[in-house]
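What follows are several structures.
Presented sequentially are two complexes of subunit A, the first with subunit B as partner and the second with subunit C.
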Partner chain A sequence: MSKVKIKSKNLNVYYGDKQALFDVNLDLNEKEVTALIGPSGCGKSTFIRCINRMNDVIDICKVTGNIEMDGMNINDKDLDVVSLRERVGMVFQKPNPFPKSIYDNISYGPKIHGKGETKSELDQIVENSLKKSALWEEVKDRLDEPGTSLSGGQQQRLCIARAISVNPEVILMDEPCSALDPIATAKIEELIDELKKTYTIVIVTHSMAQAVRVSQKTGFFHLGKLIEVGKTEKIFKNPDNKMTQDYITGRFG
Partner chain B sequence: MNIVLIFLITIFSVSLFFYGKSKTKTISIKDNIKLNALPKFYGYYLVLWCSIPALVFLLVWSLFEPVIIKSIIIETAANQGAIFSDKNEANLIYEKIKAIHLGTYFGDIDSILRESALAYAKFINLFTNSKVVLIFGIIIASVIYSLKKIKNNNKARDDVEVILKGLLFVSSLIAILTTLGIIFSLLFESIKFFSVINIFDYLFGTNWSPQRAFVRDASSITAAEFEELKDAFGFIPLIAGTSFIAFIAMLVAVPIGLFSGIYMAEYASIKVRRISKPIIEILAGIPTVVYGFFAALTVGPFFRQVGENLGLTVSSESALAAGLIMGIMIIPYVSSLSDDVINSVPQSLRDGSYAVGATKSETIKQVVIPAALPGIIGSVLLAVSRAIGETMIVVMAAGLAANLTINPLESTTTITTQIVMILVGDQEFDSPKTQSAFALGLTLFIATLILNYIAQRAVKKYREKYD
Partner chain C sequence: MSNEHTVKSYEEELQFLKDSLIKMGSLTESQLSDAMDAVIKVDKDSIDKIIKSDEEINKFRSKIDTQIMNLLVKRAPMAIDLRETISSLKISQDLERIGDLSKSNAKKVKPLPLDLPDELLGNLKRLGELVMKQLNDVLDSYVNKNFDKAKEVWEKDEQVDDLTYIAMESVIDFLSKDKKNLDFSTHLIFATKNLERAGDHITNIAETVCYLVKGEYLKGSRPKGKVIQE
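== the complex of A and B ==
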């Protein structure tokens, strides 16, 4: 049994008067891929946005309960959000490269955190990040071109490289393949398999097949509640809960 | 008469609408056929056919009637022995005849004039009567034609679409032609001006004193006068003054406008935004003349007072006062436009930046502003062309003397101000002084055209990025 990296206890999230998460208790294991599945609006994305405090951006959002990373309380008011996000990277549903060059897209994070003080150090970080995200071979001769000139799949790998560039411990992926074609999706999934050797990964997905392919652990959310969580194999072959069974066989959602 | 005609055409059209609608309904019920369009389209069809040909005819007639009558009257007067040597005298006689007809002429009336006035009355009568007859003829013909079409169950919907498209086309054509008309009137008067003043003397001269050319006929200019005029129309002091005041205005408007735009878009809560945005935009609604007297009566004297206390000579009409107030006037343009472009930067870019651990100000500085930059440049350039075209504040606050200076405490002047000065009051239309206003207008027009073009290109480039 691998070590627990992130632990949530009785996590509740409210958007104004509306409660989006109800008492979520979920453990995420280190250097493993955890998939979160469930119908749209069930709170999967809300949950992962609690891990890097991205919900802070939304004014009306309120989080109660406990969420810890390596014993550190993420929900602490006094926590330095900047250094939390340095440790917890995120990849979004739609590729969102900055309108800057490929190089600047990657070097943006390290520069902000004062990593890579010399040009050669920075070059090294950019090269390593692009290699890890399996994009280096495709872009090494055109690092000056805008990130937006890449194809959708390449843009998403660029965003993964951007997340890796600050050397995080956890990478959150919010439906990273939903805007991509099957070939690009296959590449990203391959990449996730590779990345889990180094990083703890949480992926939100609508594709059951993807969850089966990439994850070791799966959590099923419905209407803001975590219905069932367990080894991916078990959830998809022999779930305990009737609702999980119905969802994965496509009877609702 | 024309108003009565238009009124009649309107009434007739409206009643035809209802007639056409009910008529086609009964046809479709009686003969049990499926109409090719909704009954109301047949109504529209009749309305358009009844009104457009008649109105177009009325318009064309009204344009040409006076011209034709005038040439006929002048010819009859000449036949009766009236003597006139050129066009102006002929015009004078025509105006006299018209005045006699209207009973507003109080001079001596000789037999020629009396005869001509009678002829004039006769022609007016004839023309009016034939106009009425022709218009009713046209209405009857087009209504008969369109009624026949309706009875055959024509595709009224398509026909109405075609006519409406035509109407819209004509409207945009009018807008374009008007602009062209303005440009050409500027151009022709400028050409007259440049036939007296060398274009290079104008463009590169450093002395602007058009009053030297006051009341002087361009056609009968002597060589000595020409030499004197040569350096009276130097454009440099005006463009320098214009750019200088616009520059001061931009120094005020760009930082304040941009920062308040950023605040509005990124930091202000919904409540603050809802209250303060309209307040800033009110600034744009204040008439410039109000800014003008604020600048002239409050700010200018205040600066002079402060300057005197510091031991400086400050003119009470200074470029600084005018530029400052103009800058305040322009703030809402910059802030509102940059607020809009910053708002249209997708939230996903901000999320991407936050997710690697950037703070809010880092995100704004390094991601949001660069992404919005083309739009911000566009808004600044639009503000510059606004500053260059602004007149009232400068007239009131910066003075009228065309000083070539870079001291913001002295008075200076701008292109638009000089145009006002030249054209205020009675003017000889063929003196170079008056014509110089058109040359200035043309130069200003070209300058703002170029700026607007650049601004729109920048804005377009920005749009392409996120669409």
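== the complex of A and C ==
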């Protein structure tokens, strides 16, 4: 049995009067990939934003219920959100490198988190992060070029390298391949396979095929409710819930 | 019933696949029945027609293969659609094999003498009727997505085994009375065995239907009747 890394219990999220999540109970296993699927606006991104408290930046957002990482209450008011985000990295739909060099994109995080005090330590972190994100060979001779000069797929791997440079425990990916071509997507998926040996990964995706390829567990959300969660193979071959079946087979309507 | 697919052409393609399989099933039924009749009545005139109908069944098989390839490439089917697609592939293979066995039985009619005794053919006829009924039931279970009926067919193959044994025994008895019967008796033994094999393909189809409906394979081993050692 895998160890549970993140545990949510009766998690509710409100944006003002509008409730976005309803009593979500979902366990994410350590060093596994969990895929979250569901139609737009179903709450899957809202859910992952609870894991690194990204919802804090939205004034009208209110979170009730429990969400824990290794038994630590993520919603604790006294929790240092910066150190939480050091432990929980995030990669977004559109690659968003800083307007800085490739090197600085990676070294920025470790610097502000007080990791890599000397230049050689930072060099090592940059190299390791780029190697882990399978980008090193492509950029090692142009580290001082702007991150934005890279192709879309490379930029996304740069963002993954940036996320892992601070040595997080969890990586959240919100539709990380939706802006990428099939080859760049394949590279990210290959990378996810590699990264799951070290990190707990949650990926929000609209591609059923991608969810099947990369994840071990899948959760289906609809209108803010977690409708069904289970082993990916089971969900895509023989789901228990009719709504899940209708969604993944393209019958939703 | 499920809602329809958002993409209409996907819905049509799946329906077209199901329709093709049902047509192939119905052709296979006719061919099996014709081949049985030909053996029982020693009707040498129908041999060519039966052999020809096997070509039709084979054509259906390749048509279904193409439809399945297209569905997999275009739609990447999931859940019930995936099971429907994969099951169609498996069922069409079993139907094609049943067709081959019927063709083989039709060919066995040629060397048979016209004056075969009734007691020799009676058991073979009963076996043929049972296999026919099994094929009919399993195709019904496919059309109606009826798990219980498919499971019933699967369990009833035991009776096919038993009748095969009895039919074989009567041929062997007949053979042992006069060595001159050896030539055509061998053909009757093969024809009997072919029916038993067709029965096995029918149980494969029954297993596939069970998987299609519930997404799980039948557990445990199928009940087996008496078997003549090969």
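Definition applied: the second predicted complex is superposed on the first by the 252 of 253 C-alpha atoms of A that agree within 3 Å, B and C clash if a C-alpha of one lies under 4 Å from a C-alpha of the other, contacts with A are read in each partner's own complex, and residues count from 1 in each chain.
In this text, a residue touches a chain if its C-beta (ideal position, glycine included) is under 8 Å from a C-beta of that chain, and two chains touch if they have at least 3 such contacts.
Only a predicted model underlies this, so the values are computations on that prediction, with no experimental measurement involved.
Asker: Have a look at where A:K119 lands relative to subunit B and subunit C in the superposition and call it first, second, both or neither.
Answerer: neither
Asker: Just to be sure I read the superposition right, which of the two partners does A:N238 touch: subunit B = first, subunit C = second, or both, or neither?
Answerer: Only subunit C is touched by A:N238; subunit B is not.
Asker: Output check: A:T148 vs subunit B and subunit C. Expected answer is one of first, second, both, neither. What do you get?
Answerer: A:T148 sits against subunit B, while subunit C stays out of touch.
Asker: According to the stated criteria, A:G250 is in contact with first (subunit B), second (subunit C), both, or neither; which is it?
Answerer: So A:G250 only meets subunit C here.
Asker: What is the contact status of A:N96 with respect to subunit B (first) and subunit C (second): first, second, both, or neither?
Answerer: The answer is first: A:N96 touches subunit B but not subunit C.
Asker: Kindly classify A:A209 by the partners it touches after superposition: subunit B alone (first), subunit C alone (second), both, or neither?
Answerer: second
Asker: Going by the contact rule at the top, pick out the subunit C residues touching subunit A in the complex.
Answerer: Against subunit A, subunit C makes touches at 2-7, 10, 75-83, 214-216.
Asker: Quick one: which bits of subunit A touch subunit B in the complex? Just the residue numbers, please.
Answerer: Checking each residue of subunit A against subunit B gives 52, 54, 57, 59, 81-86, 89-90, 92, 94, 96-100, 108-109, 112-113, 148, 159, 162-163, 165-166.
Asker: In the complex of these two chains, what residues of subunit A are touching subunit C?
Answerer: Going through subunit A, the ones touching subunit C are 208-209, 212, 236-239, 242, 244-246, 248-253.
Asker: So in the complex, which bits of subunit B are touching subunit A?
Answerer: Counting only subunit B, the residues touching subunit A are 269, 346, 348-359, 362, 366-367, 370-371, 465.
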